[in-house]
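Labels run A, B, C, D, E and F following the written order; every chain starts at residue 1.
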Amino acid sequence: MSRSSSIPLWQLDDIVRRALDEDLGQAGDLTSEAVVPAEHRAEGSIVARAPGCLCGLEAAAAAFRAVDESVEFEALGRDGDEIAGGDRIARVHGPARSLLAAERTALNLLSHLCGIATSTRDLVRRIEGTGARVTCTRKTTPGLRALEKYAVRIGGGHNHRFSLGDAILIKDNHVAIAGGVGAAVERARAVAGHTVRVEVEVEDLSQLEEALAGGADIVLLDNMPVAMLAAAVTKCRGRAVTEASGGIDADTIAEVAATGVDLISVGWITHSAPALDLALDFEST
Amino acid sequence: MSRSSSIPLWQLDDIVRRALDEDLGQAGDLTSEAVVPAEHRAEGSIVARAPGCLCGLEAAAAAFRAVDESVEFEALGRDGDEIAGGDRIARVHGPARSLLAAERTALNLLSHLCGIATSTRDLVRRIEGTGARVTCTRKTTPGLRALEKYAVRIGGGHNHRFSLGDAILIKDNHVAIAGGVGAAVERARAVAGHTVRVEVEVEDLSQLEEALAGGADIVLLDNMPVAMLAAAVTKCRGRAVTEASGGIDADTIAEVAATGVDLISVGWITHSAPALDLALDFEST
Amino acid sequence: MSRSSSIPLWQLDDIVRRALDEDLGQAGDLTSEAVVPAEHRAEGSIVARAPGCLCGLEAAAAAFRAVDESVEFEALGRDGDEIAGGDRIARVHGPARSLLAAERTALNLLSHLCGIATSTRDLVRRIEGTGARVTCTRKTTPGLRALEKYAVRIGGGHNHRFSLGDAILIKDNHVAIAGGVGAAVERARAVAGHTVRVEVEVEDLSQLEEALAGGADIVLLDNMPVAMLAAAVTKCRGRAVTEASGGIDADTIAEVAATGVDLISVGWITHSAPALDLALDFEST
Amino acid sequence: MSRSSSIPLWQLDDIVRRALDEDLGQAGDLTSEAVVPAEHRAEGSIVARAPGCLCGLEAAAAAFRAVDESVEFEALGRDGDEIAGGDRIARVHGPARSLLAAERTALNLLSHLCGIATSTRDLVRRIEGTGARVTCTRKTTPGLRALEKYAVRIGGGHNHRFSLGDAILIKDNHVAIAGGVGAAVERARAVAGHTVRVEVEVEDLSQLEEALAGGADIVLLDNMPVAMLAAAVTKCRGRAVTEASGGIDADTIAEVAATGVDLISVGWITHSAPALDLALDFEST
Amino acid sequence: MSRSSSIPLWQLDDIVRRALDEDLGQAGDLTSEAVVPAEHRAEGSIVARAPGCLCGLEAAAAAFRAVDESVEFEALGRDGDEIAGGDRIARVHGPARSLLAAERTALNLLSHLCGIATSTRDLVRRIEGTGARVTCTRKTTPGLRALEKYAVRIGGGHNHRFSLGDAILIKDNHVAIAGGVGAAVERARAVAGHTVRVEVEVEDLSQLEEALAGGADIVLLDNMPVAMLAAAVTKCRGRAVTEASGGIDADTIAEVAATGVDLISVGWITHSAPALDLALDFEST
Amino acid sequence: MSRSSSIPLWQLDDIVRRALDEDLGQAGDLTSEAVVPAEHRAEGSIVARAPGCLCGLEAAAAAFRAVDESVEFEALGRDGDEIAGGDRIARVHGPARSLLAAERTALNLLSHLCGIATSTRDLVRRIEGTGARVTCTRKTTPGLRALEKYAVRIGGGHNHRFSLGDAILIKDNHVAIAGGVGAAVERARAVAGHTVRVEVEVEDLSQLEEALAGGADIVLLDNMPVAMLAAAVTKCRGRAVTEASGGIDADTIAEVAATGVDLISVGWITHSAPALDLALDFEST
């Protein structure tokens, strides 16, 4: 399987090992040692119990490989594939004890990432045809940010900042300290020179004016009613990129996109997307 | 704040540092450096935007402390407290740049753990008065198992196995390999001696008979219709502890508990509980 | 060589790398660089200088593999084999510098684990035919617990708790705090529910009565004279599993086992078992 | 307590944390949580159950400090003190749960190091008045070398090489590859220049002649009968430092030292010294 | 000393510990143990032996603190200060052994960072009054990138990309693969949307046309003769930010800046700047 | 490629991974993802842009291997080879994205190590025919000591102490504490016994007398004018090894060597040697 994600292999392996350490502890798998003969080999399939967007095959493969290099992991699809309930998404073959030791870690990663990709894709589809993009936020699960942002991309979304060092994004607390949107943008503009984008969060149209006057590249239109959002977008045309945020969900995203906003950022696709239900079924042999 | 969780401090610090590394990257917080004077001090409160069960104060405190030991973190409650939307749950005071650098990591941890505790408590309340206990599973977020299991306890739930090394739990794949529930339980019984509990998953009443005959301590009654579950529970009385599992949610947990089952295990409280909405609001000064 | 232990590969590799870092330092092997040509290949055998129970082949193999993946390590037996002085237990073949760089680390691990397995087996044999089991304790060498517990199993012993999180074991200091054996067991029973075993240490028959009354699953009969131990075992029959501990050695274990006790726990097999004498002999070529 | 060992603090902390991770697992201390109230404070003493040489106070203190910085650890002696059975060697005071969580790790480290220091001191005393020094070898417990070598120094012994990079020590396998003691020493001499000592292992007097002719600084007289050893020592006087090794124990060390040899290296003081029996006794309060 | 750099404390501590591990090894400081009494306290100053730009006080402080928390480190200036040969830049006070153990690590870090800041400042001064900025590259010393980029900022320079994930910079190898500058910029533009800057390296004016036509935000004018550079800058005015690179040094930077270019990137300030000569002088007491 | 350095593989991999983490961040290589098709394969050569001494092929290979095991790295020479500007020193072949992701890390390591080896070789050649050796110091780049000392050896130099635990070297600060060169050497001699070399720094001939009288094995003649150095060397003949240090560079090393001194230690070859200019050129395909 060729590597499709850009997550360095050792970062993936680190995540997998930490998860395996959690799951195997010091005593290893008591049940398999008691019940499964050491030499028993098995074959099984990872099966979807619900429809969704496939994501995380490499992470699952890494879990099996970390436990036992002799396990064969055959992907039956690619990240980004649409899957239906009942679909087999990968096959594994190897010592039964090794399969059982890696099973939970592989499924936990895979179902978490599929969950994010699935929720993202759902939103993306709801705004297809508009020019808007779905983006994620920094509201990610501690330790899994790079993987979760990858899942967002697989689902058709875009990534906003990976870290506080990626770009300047002035939020309400910064504005309060700087003494206003205009002052904050000016300070940022001076430091950033012409190579770093400056984004600023605004709550109403008067703050928006200040932001545009100060030379903001992107404005984050936070928690605005749709009508105000539309007015704001109109004002920004040709002057700044627009981003909507704040409690946007599957029910409301279409009307938000209809305002012509460029970006719609949604926190819950990384922090609250439900996991996709998956299982590893052994074949009778 | 005295430490109420039993998670060793360095394990918590490891999780916090990994999350901070994700969020600060190599370049640190560009925005604060540009907009917030180095000597500016600020004060703020972590505020709940929705009702729930408070959980993770220590983790939040650890995030601020890791960034800057001079930040004061004052908890305004204790893990396990019921909170309403609008409640302030902690106050922080210190250099504004430090508060801003730790903010997202602290909130991500806190809202994740509050989410789990809140979902758990909701289930627990729905079965109050029955003898049943809500337990979590090994379907946890990779890297966060110990914290998530702590959140389940705070929500009033109980922890099942932390790892594969804690106890013997024979599942369908093991049964298939061993050639039947009876054979599997016997093998396990022989290895386990009298100090390790043997649990086995059964799908119907005939498998249940085998399990009881083999001397299982606990039977996992998986995906049974309520009537069959009730029959199974009756059969087990005085002979084995009973555990129900499989797609149980807030709507169905009461009728499951009414069967008299001892344990009800629910995967989604750790893998899919929505995060609780929290924010850090700076005070105007 | 198939993996017989349940210690995850990366945990073994961690131990091996830490040991190799200690032994190679930053400067590497000055002697080999000075005396052994880089291209020189060698062949050698790991030879026992004393009889014992073989244990740790995987750890030894991991040491050679970590230094140089091109080294061939051929096990000439399996963990658990009885070996005599002079027996060859493994052969290695590869670049001489690599063999010499890994030699000490491989032998240190192997002789330590063989030592534990050998001492354990000796005790196990002395009580053969009784129903008693030899178990180890948490008195292990820091950093090596999982490997040492594995060596105990290979020697025919059983593992007690791996960590404080595995089970409840109420000891004298807990009893003092709780205000008596009965009170301590009751508190534990309430928390543990029906899925966690409760063990309690008792020093005399009156404490034993309290323990049984409180519903202890296992009683640890600490430092009892043999006659008292026998009486205690009789009292417990059908009510609780019994475990003897306290200064039991090769001379006394048989009479302890003769009381009918279920478990005999011995600290020194992990903290003071003498290492087995082993060497790596190069063949003349 | 001032730091007497030269082991960097973070290396000690690493060892302590790894040991605590082994002992606390993910679930923490189930027993204390069940039986000991969170707010209960306790006071206790670490007491020797047998006489010996005290060693490892800092390591014990580090274990308590790592679990809970609020624990007070008061050393009642210094590393190197002679202690009798029954002596109290340290007092601890703090939250009872914290004391119980650190207890086993602290005692495991302390009893291991005291054991090595005690065995070393015994040997050192048996050769007092001769000019010989007891030295340890690289036969140490994986992961604990620096601490074990410290314990040897505390017991009055001396450290030989810490790692393969410290000095040149040509052993039998090197000699075989180089084609003789003389050839090996010459090669080493050429590389080493005048700043690195060259030591070579010899098995008889003719090899010794070669070693001296080649310019060895130190000769390791391995497994020689006492008479041959004495002859070798005489030959080396004024020409090379002498080191005896091979199966030397408490019974034979005095006659070895009587030959006038400079160094006596003993592997078992680090790999097989029995641990000193210690306990933590809580005071009734 | 307040923290002026934005390098997270634990990242700094990691670098310091790794360096201390290199310098102290397992045996610690043999010389100090032999020559300096354990209780001896000393006082000393870090003194510049040459003029330059001060940088790295926090890193130096971290080295002393890591060895011994009781060492007092008093900065006598701030990062960014101009220093003359002979200037004292910090004072340390504490146990002599601790000062000596940390000395080399502290000086190695400080002299490396001062070296970079000094070389950077020299370049910055040579172009003062022009609008050009000196920027560094990704040609940094492995393991020290964040610290080195901080030193560049202290010297008055600016940071370009911290990592490959910060921005799009299309270089010659990418152009070759994409089949031309225009095609490469177009592909990048499509992916990047309006939130990520696209920079492209061009070697002549015709490539520059393609870049501008494609909508590049920044053009990297690589290795151009000054006349061509000037022409390129003129072409870009109002259309793209310009960056010059390629073998620019102290002798040539002024004429490069005179072309009106916006950014001048210089690799050698991070990979080849000579260290500043510093020493720790103990006071006679 | 066989491994010529004695740096353990995992230490090299650690350095490489840390550097790759710096360079890839969490987002990976944005440019390649945007511009280079995932399936595109490329071939390229690492080319020297200036003459020098080749060093670090293994480190470069490790960088490509860490990113993608399928990349083929073919060394076109060996560490220690003389290379001319324009020479190709290695070829790489594999997925273009993988080559581009590893490129900077591989080149940064290689050019740093080539730089040290080149500067060292230059010095070594200037004193060819004298008996003097060029040695490095502990003034190394934090985190890279073992690699840098390897580069010194490749350049024909010799390594002095790797760490403070390798040998005793009494410097001015120690002398001040001990109350004179003689007293310091005596204390060291007493502790060191006959197995550790004692070196002492002296600044004039009277200190030299003290050093020799005290039995120093090596004297470090620091910052002496050449005439004094020559006199000192004469005095030491047959009594101690001599080492010159202090501001010695390419211009002065020959006259220093002409004094007959044994060792010449030079700090700047590890802390300030300019990197060798190298590039990765893709082939047109």
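Note that in this section a residue touches a chain if its C-beta (ideal position, glycine included) is under 8 Å from a C-beta of that chain, and two chains touch if they have at least 3 such contacts.
Given the structure is predicted, the values throughout are model-derived calculations rather than measurements.
*Asks:* Which neighbours does chain A have in common with chain D?
*Replies:* Both-contact set = B, C, E, F.
*Asks:* Please give the intersection of the contact partners of chain A with those of chain E.
*Replies:* B, C, D, F
*Asks:* Applying the document's contact definition, name the chain pair with more C-beta pairs in contact, A-B or D-F.
*Replies:* A-B
*Asks:* Tell me, please, which chain's centre (mean of its C-alpha atoms) is farthest from the centre of chain C?
*Replies:* Here the answer is chain E, farthest from chain C.
*Asks:* Roughly how far is chain C from chain E, centre to centre by C-alpha average, rounded to an integer in Å?
*Replies:* Each chain reduced to its C-alpha mean, chain C and chain E end up 51 Å apart.
*Asks:* Starting from the mean Cα coordinates of chain A and chain C, work out the distance between those two points in Å.
*Replies:* Centre separation, chain A to chain C: 44 Å.
*Asks:* Distance between chain E and chain F based on Cα centroids, please, to the nearest Å.
*Replies:* The separation of the two C-alpha centroids amounts to 21 Å.
*Asks:* Which chain E residues reach two or more other chains?
*Replies:* Residues 22, 24-29, 33, 145-146, 162-163, 165-167 of chain E each touch two or more of the other chains.
*Asks:* Note which residues of chain B are touching chain C in the complex, please.
*Replies:* Those in contact with chain C are residues 133, 158, 160, 162, 165-167, 193-195, 197, 218, 241, 262-263.
*Asks:* If you look only at chain C, which of its residues touch chain F in the complex?
*Replies:* Per the stated touch rule, the residues are 17, 20-21, 24-29, 33, 38-39, 66-68.
*Asks:* Provide the residue numbers of chain A that touch chain D in the complex, in ascending order.
*Replies:* 22, 25-26
*Asks:* Applying the document's contact rule, which stretches of chain D touch chain E when the two form their complex?
*Replies:* 2-4, 6-11, 145-146, 149, 159, 162-163, 166
*Asks:* In the complex formed with chain A, which residues of chain B make contact?
*Replies:* That would be residues 15-16, 18-19, 22-37, 40, 42, 44, 96, 100-101, 103-105, 107-109, 111-112, 115, 138-146, 162-174, 176-178, 184, 187-188, 190-192, 196, 268, 271-272, 274-275, 280-282, 284 of chain B.
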